[in-house]
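Some structures are shown below for you to check.
What follows is chain A paired twice: with chain B in the first complex and chain C in the second.
Moving on, here comes the complex of A and B:
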């Protein structure tokens, strides 16, 4: 049995998305939440490159992926900065303990 | 003379500009605020009156607003111009009255800005011929009424009343918006004249949904059954605002909507009957509630609801002319009654009629004008209320089920009864309170023309019929006739019956002590009327149900990321499933 490159890439996309979602579902640590989002975003990027390859517009896919890398970096930096502040102010990174938004 | 186009814009723009200017003047110069408000209101009135000779059946102004919104067009035909005149002229008198009534109050800028904004929005509502814009203006008037009812925003009762008015009229707004969107879906336009011309091209079911949606909208706006409860609560507003809402703006909008679209909807099965039922039930229930109320403004509020019931009933009976003529009479005499009541309340310092009495000697001018208004309300010849109410009853007798006519007759008798009760309790009998002086000068300036109007607007029946005739309203089938001809038609046997009922109502109050037995027999009815026939209980139940449901749904808001991700994934799976099934 031989795997074609696109099929392999598609499997990787689904795998990354699945790992990311699973991480978000089970983790209570704010840093791990950021990591989970990162993993999901990587899956999304790979999906864009794959879509560009399949539709014959490789440049478009690559350009979109690059854009996402830029945006994604900013999101991560801000999120991690928040995490640092949260840790300093509340002394914990546990989401359950932090969810004071509830009444 | 400016063109009709300019005048239509001016009659909206002048009050709105005035609202902005008065607000910008700031509250440390009250004299300037009073003066500017009166000037802008009167200028708006002049612009509206100047439209009368230039009325036209064609749309004016056509500013494209983009494909989804149609065009910004105005239709200054007889009906629209008439209501614009009522809004601006009666509105101006309320503003003049405010100069005395609101003297020394704080936050005049907010007060006058909202009043002028309200008047301009009402003009826009009745002149606009783009149904989506009608809805926009409709909602602006709803907002203004809410903000003005809650004007004393440190009084929890006033705030609650304002929110109640807003919520109830929003229910109606949904009906109007739904109708407008349906029209766009099926005819590709919001244009009202196009709709009236081609209403039958719509599928019957769609037309029926629109017709009943508009009925809900009108009922909510005009405080008709089953939405009648917001208007009496709106009495927490300053009295000139009550006059404005009851006579010049707001509640007229519902009757206007029904009258405007009557030609399109009259063929919808059971629609006319539904309108008749709404009008008749409202007229009767509100009259009963007016009898048991001891708050002067509440009595007047119930009487407004009841008289609006007459107008709605007239529309249902096909008597568009009668309904609009009664609207004219009502605007004049109800503005008069409210403003005169305002003078009384201002002088006595309470709204409770049990603490009044014997005020006639202390307030001779107010007594005279109030009684003129009261006689018009009761339908005593030859005041304007008599002629228009008889026209309504006649339309009902000819084109509505006979039982509804009987209900309306009973309502007329009750009207005479509670009007007489109100006048006696306030101005005659033993004095329970003290008034410091008669109405002020600005109050008198506002009251005098209204009193003259209540005595004389019925003489305008002929010109009024011409205003609403096929000349500019091709679909309503109103025939132009001379004043003499119209009044001659009123004088007939049914009129005598109606007059006899009115006289019975008056006599019932005179001999109320002898009727005490009857009163005891009807105690249950009186108790029901005092409790607004259970409608307040229904309202409270709905509020409890909604807040209970909200409390119950609170458990879905865990605030935990993991559960939110579960929700997102579940939503995604559902979307994918739908796509997979649909493909």
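Moving on, here comes the complex of A and C:
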């Protein structure tokens, strides 16, 4: 397969999604979890633009990617506010230590 | 060649954002990954979204991250998850392989460009519901910023009473 721009962009989409999943799996820090979600969403919005490019409807793909950008920003704002408040109340960002349901 | 370089740099920045032990460095690597993603979007023919991604994704989100890390503080302890690290990377690679298996047949040559109105017309006229949704989300985000800034006065008062 030739290394055309769509193929490279598809590789970037898959790579970003995979790296985001790995980031969600390897960490227990709340803020690092938000970083993992951000990386995954970047793959998602790139996928929207790529789909618009491949189907010839660039502007529709761009409009959808704009929605993804807004939703992603709001998700990270709320998650970071959550992390800050958790840190204030419990004094830790460790997801394992926050769990009060075990045992 | 230039495209290959950009994609490789994007993935490298994302990987560093995940792997970096310090939260602040992680946020900065995420910002550079975001800027390179915006460059890819520009190359794919969506300059409006690329500009918004560059200003919001690389600018605003990074400011929020630095602010939150500043308040919450760095935890230098290495927090390992319950999932062993090789298993996590194996799962991620498996997910990527599955995605590639499904995505590669769709990578034909681009269909001829359909006659399409400009970006603003598409956004306001065809995707009007999305714009409404974005307004609602932004109001939710403002409330989220209030949560970020709020002091713990309510709980302090409760603890004083008890």
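We adopt the following convention: the second predicted complex is superposed on the first by the 98 of 103 C-alpha atoms of A that agree within 3 Å, B and C clash if a C-alpha of one lies under 4 Å from a C-alpha of the other, contacts with A are read in each partner's own complex, and residues count from 1 in each chain.
FYI, a contact is a pair of C-beta atoms (placed from the backbone, for glycine too) under 8 Å apart; a residue touches a chain by one contact, two chains touch by 3 or more.
Remember, it's a predicted structure, so these values are computed and weren't measured experimentally.
Q: Is A:64 touching the first partner chain B, the second partner chain C, both, or neither of them?
A: second
Q: Once the structures are superposed on A, label A:99 by its partner contacts, choosing first (chain B), second (chain C), both or neither.
A: First partner only, chain B.
Q: When both complexes are superposed, which of chain B and chain C contacts more residues belonging to chain A?
A: C
Q: Go through the superposed model and pick first if A:14 touches only chain B, second if only chain C, both, or neither.
A: Second partner only.
Q: Using the superposition described at the top, list the residues of chain A that contact chain B and also contact chain C.
A: Chain A residues touching both partners: 21, 25-28, 95-96.
Q: Using the touch definition from the top, list the residues of chain A that touch chain B in their complex.
A: Those residues of chain A that touch chain B are 21, 24-28, 33, 95-96, 99, 101-103.
Q: Okay, in this complex, where on chain B does chain A touch?
A: Checking each residue of chain B against chain A gives 554, 557-562, 565-566, 569.
Q: Can you check the complex and tell me which residues of chain C touch chain A?
A: 3-4, 7, 10-11, 14-15, 17-18, 23, 26-27, 30, 33-34, 37, 40-41, 43-46, 48-49, 52-53, 56-57, 60-61, 64-65, 67-69, 71-73, 75, 79-83, 85, 88-89, 91-93, 95-96, 99-100, 103-104, 106-108, 110-114, 116-119, 122-123, 126-127, 130, 133-134, 137-138, 140-141, 144-148, 150, 152, 155
Q: Considering only the defined contacts, which chain A positions touch chain C in the complex?
A: Contact set of chain A toward chain C: 1, 3, 5-23, 25-29, 31-32, 34-36, 38-39, 42, 45-46, 49-50, 52-67, 69-74, 76-78, 80-85, 87-89, 92-96.
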